[in-house]
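Two complexes come next, and they have one chain in common, chain A, joined by chain B in the first and chain C in the second.
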Partner chain A sequence: MTISGSEVARAHWLFGALFLVMVLEELGPPAIRSLSGRASLAFPVVFLLAGVSMWGAAVFGNTAIDAVVHSLWGDVLIAAGVLDLQRRRGRLHAAWGPLVLPVAIGLCGALFLAHSEGSPSKDLTALWHVLMGAVLVAAGIGGVVWVRRGHIQWLAAYGAPLAAFSILLLTFPRTG
Partner chain B sequence: MATSRRLSSARSDRLTPGRFARSATTARLAIGVTVTVCGVLWILLGSASLSWFGLSPIGLYRSIDQPPILLTLVGVWYTARGLIGNETDEALEQEEVEGVGEGGGA
Partner chain C sequence: MSRSTRVALIVAGAAIFVTGRGALPASAHATLERAIPSAHARLDRSPSSLLLFFDQPVALSFSRVTVMANGGGPDLVAGSMSEIRTEVLVPLRPGSKGTYTVRWRMLSAGDGHVVQGAFSYGVGVSPAAPAALAGGGPPVGADVLRWLIFLGLAVAGGTLLIRAAVLRPALAAIIGRGETATTEWKRAAAVALVGAAVALHADLYGFLTSAHSVTGGKVAQFADAQIQPLRAETRFGVAWTWTTFLWLAVIGLIVAAWIGDEHRREVLLASAGALALAGGLGLSTSGHAAAASPARIVVDFVHLAAAALWMGGLVELATMGLLVRGLSPDVRPRVVAACLERFSALALWLIVAMAGAGLYLALVQARWPAGFETAWGAALITKSALAAGAIALGAFHRWRVIPRIRAATGSVRAVGRTISLEAALVGAALLAAAVLTNLPPRG
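Take a look at the complex of A and B:
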């Protein structure tokens, strides 16, 4: 059983919308409702959903590299989602806790670059994978610096590439 | 006057009640409206490539799962959430003002 290019594109679009929701919710101007004191769970929940979806994509992957990279994505996303969920619930107090998400995002970007098949100059989906990998790596670096420095200026270096990633997912080319 | 509250989320450090909270609401509304307008423009410009798949559950999912429609829905959700948050904030601030008045201040 193989998945058509159209279905692959649809999965990317849907995930792009979810990812944009997560980025706006977490990194946009803070919601007034957040003043009530509850931590937002948008990031870990989307990470866990994405991790499960990646395992699905690994099962139905059309090529070996597809299956391997999607299963690794699933591992990284689920591990990061669980650790960040526990941190936000106040169960994880380790100093490295806030670094989990940006490091996971950077790792996912590196996997995107490894996942890219074909020449970016000839194949539009290969080009999209390279672009998505590059913005995720940039977001991961920006996120690590933001966590370390704590200056709000670095939030843009974290949020802007993540928003760009959402748009790249939403504009993922439909092939086949 | 609003009082500070402690949050455990990563962005809690950025939250400041009061006037900043109001400007944050305005920024959220501006972003939400911008995303919605971009989505609507995308729908108008790319209407030829949009498809309708019927009223069955799968058909509805496939009809909605098209980038311009998804972007518009995200924008509408974000705008609505900003508006609802604004109302909640006003109620919270009113309660806090009354609380401070009755209790003689923090």
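Take a look at the complex of A and C:
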């Protein structure tokens, strides 16, 4: 049994829609009000759930590289989700706490690039993976800059690549 | 020493003795018993087929046979293999004069282990040795990965369950439940989380290593290998699937205990421990015992679970120094003695269960005396010797150390060191067990 191209595409579309909602939920309030208004637990919880589902994708992936990369994604997302959840609940006070999610997003982007490099597939989906990896790396860098500068003007550097990532997921090509 | 204690010790001692001395190879891996043409045969004409006789069924979908001339040339295998019970028929094209190497790699239908081998025969000549396989070789790290799974099982399942059933009640009886609940759980949760994460990852890479041993080739090429059929259609693949989700659930429960409400914490941690211990079923249902019967799977699980609880308890006791450090000097020895005493009483029965199950498995799987001369037999003896050393140290703790601490003549710090040594011996025995599970019983 292998997973068909249309099943893979559908999973990406679903994840894209969810991710877009989360990006709006996460970055909408600070864009309208201020950084201090950001206390929603939804974003880290979604990271946690996404991490578990990535391990599911590792188990049901078709190739060895699928299994390895999805499991690493799962690790990054679960660890980042737990740490950020604790930070938002006021139980983690480390100075690096606000950097956890942007760094995790950047790492996921790097894994996307590794996945597309190691994947046997060289079709349109491979190109999409490269693009998705690149925008996630950009989002990670933008997020770090936004957190370090602490100014609302830098929010676009974080939010725009994340929105682009959602759109790439929503337009993921169906093959096979 | 009570009568029941003495009986338990005698049973454990007898089991260790028989497991070490009399244990023999388990007939679980599919083994090539003979072939036509046979190894080293000199034939007048090139054969039209090859017949391989195994001692148990193999899964042909994941098996491979090649027959090639030693000097190079095409594979003589002419079509699909077929099987009748345990015999595999391989159609061959005719070949010219020379030595031919038969290389076979079979997946045991029972326990999911891959077995492989090679032999040569000659056509018109006396055969030379089989040709070497370029870029092949055994998968690296399979033993270490299995060992890490064992350790993860013990550290996640064993520590949390022993803590809930033995150590916390002992602590609460002396220093009060409220005081023990302050920060002690963080240490246990952190240790268990590390254990579960290690087991989750070792399970994944263990599966990939098994898959690589089926597909062969260089590791870089393996990235593209289709592993989905192996996951869905083999016993070790199915076991890996559900143990992965089980480990994720264990991690989820520990995380929930960490970030959740205080009053549910202990229930969540104990549940995580029980679930982690159930992960041992994944090993039992995909190992040697799975090739035999459900009863043997149960016995194998008892063997594994008892060892995991023993090891987990030792890890708990060894890291207890962190906990008692904050207590007053007069309370510290009482806490250590109480925890040690409670665990020691339970450990005795864990050892009886472990050794008894091991003895049973050895007796039903053994074929005297062939196993002693194999690597499998050597691993079994090593494992038994290490376990016996740890049991001796456990007896020393029970009958020497505890009375000394109670009489205030023993050092609490010294106990930590000898418990760490006992844990190291059990850990080494688990490594020997990991080697054992990956070895073909008959060399």
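Couple of notes before you dig in:
As a convention for this text, the second predicted complex is superposed on the first by the 160 of 176 C-alpha atoms of A that agree within 3 Å, B and C clash if a C-alpha of one lies under 4 Å from a C-alpha of the other, contacts with A are read in each partner's own complex, and residues count from 1 in each chain.
Quick note on the criterion: a contact is a pair of C-beta atoms (placed from the backbone, for glycine too) under 8 Å apart; a residue touches a chain by one contact, two chains touch by 3 or more.
Because the structure is predicted, anything quoted here is derived from the model rather than measured.
With both structures placed on the common chain, the touch criterion links A:A17 to chain B but leaves chain C unconnected. Applying the stated contact rule after C-alpha superposition, one finds that A:G150 touches chain B and leaves chain C untouched. Contact with chain C, but none with chain B, is seen for A:V68 once the two complexes are overlaid on the shared chain. More chain A residues lie in contact with B than with the other chain of the pair chain B and chain C.
Looking at the shared chain after the overlay, A:P98 reaches chain B, while chain C stays out of its contact range. Chain A uses residues 89 to touch chain B in one structure and chain C in the other. Residues 1-3, 48, 52, 55-56, 58-65, 67-68, 71, 78, 82, 85-86, 89, 91, 118-120 of chain A are the ones that touch chain C when the two sit in their complex.
In the complex of the two chains, the chain B residues touching chain A come out as 2, 5-15, 17, 21, 23-25, 27-28, 31, 35, 62, 65-67, 70-71, 73-74, 77-78, 81-82, 84-86, 88-89, 92. Chain A contributes residues 10, 13-14, 16-17, 20-21, 24, 26-40, 43, 87-90, 98, 101, 147, 150, 152, 155, 170-171 to its touches with chain B in the complex. Interface of chain C with chain A (complex): residues 200-201, 204, 207-208, 211-212, 222-229, 231-232, 240-241, 244-245, 248, 251-252, 255, 258-259.
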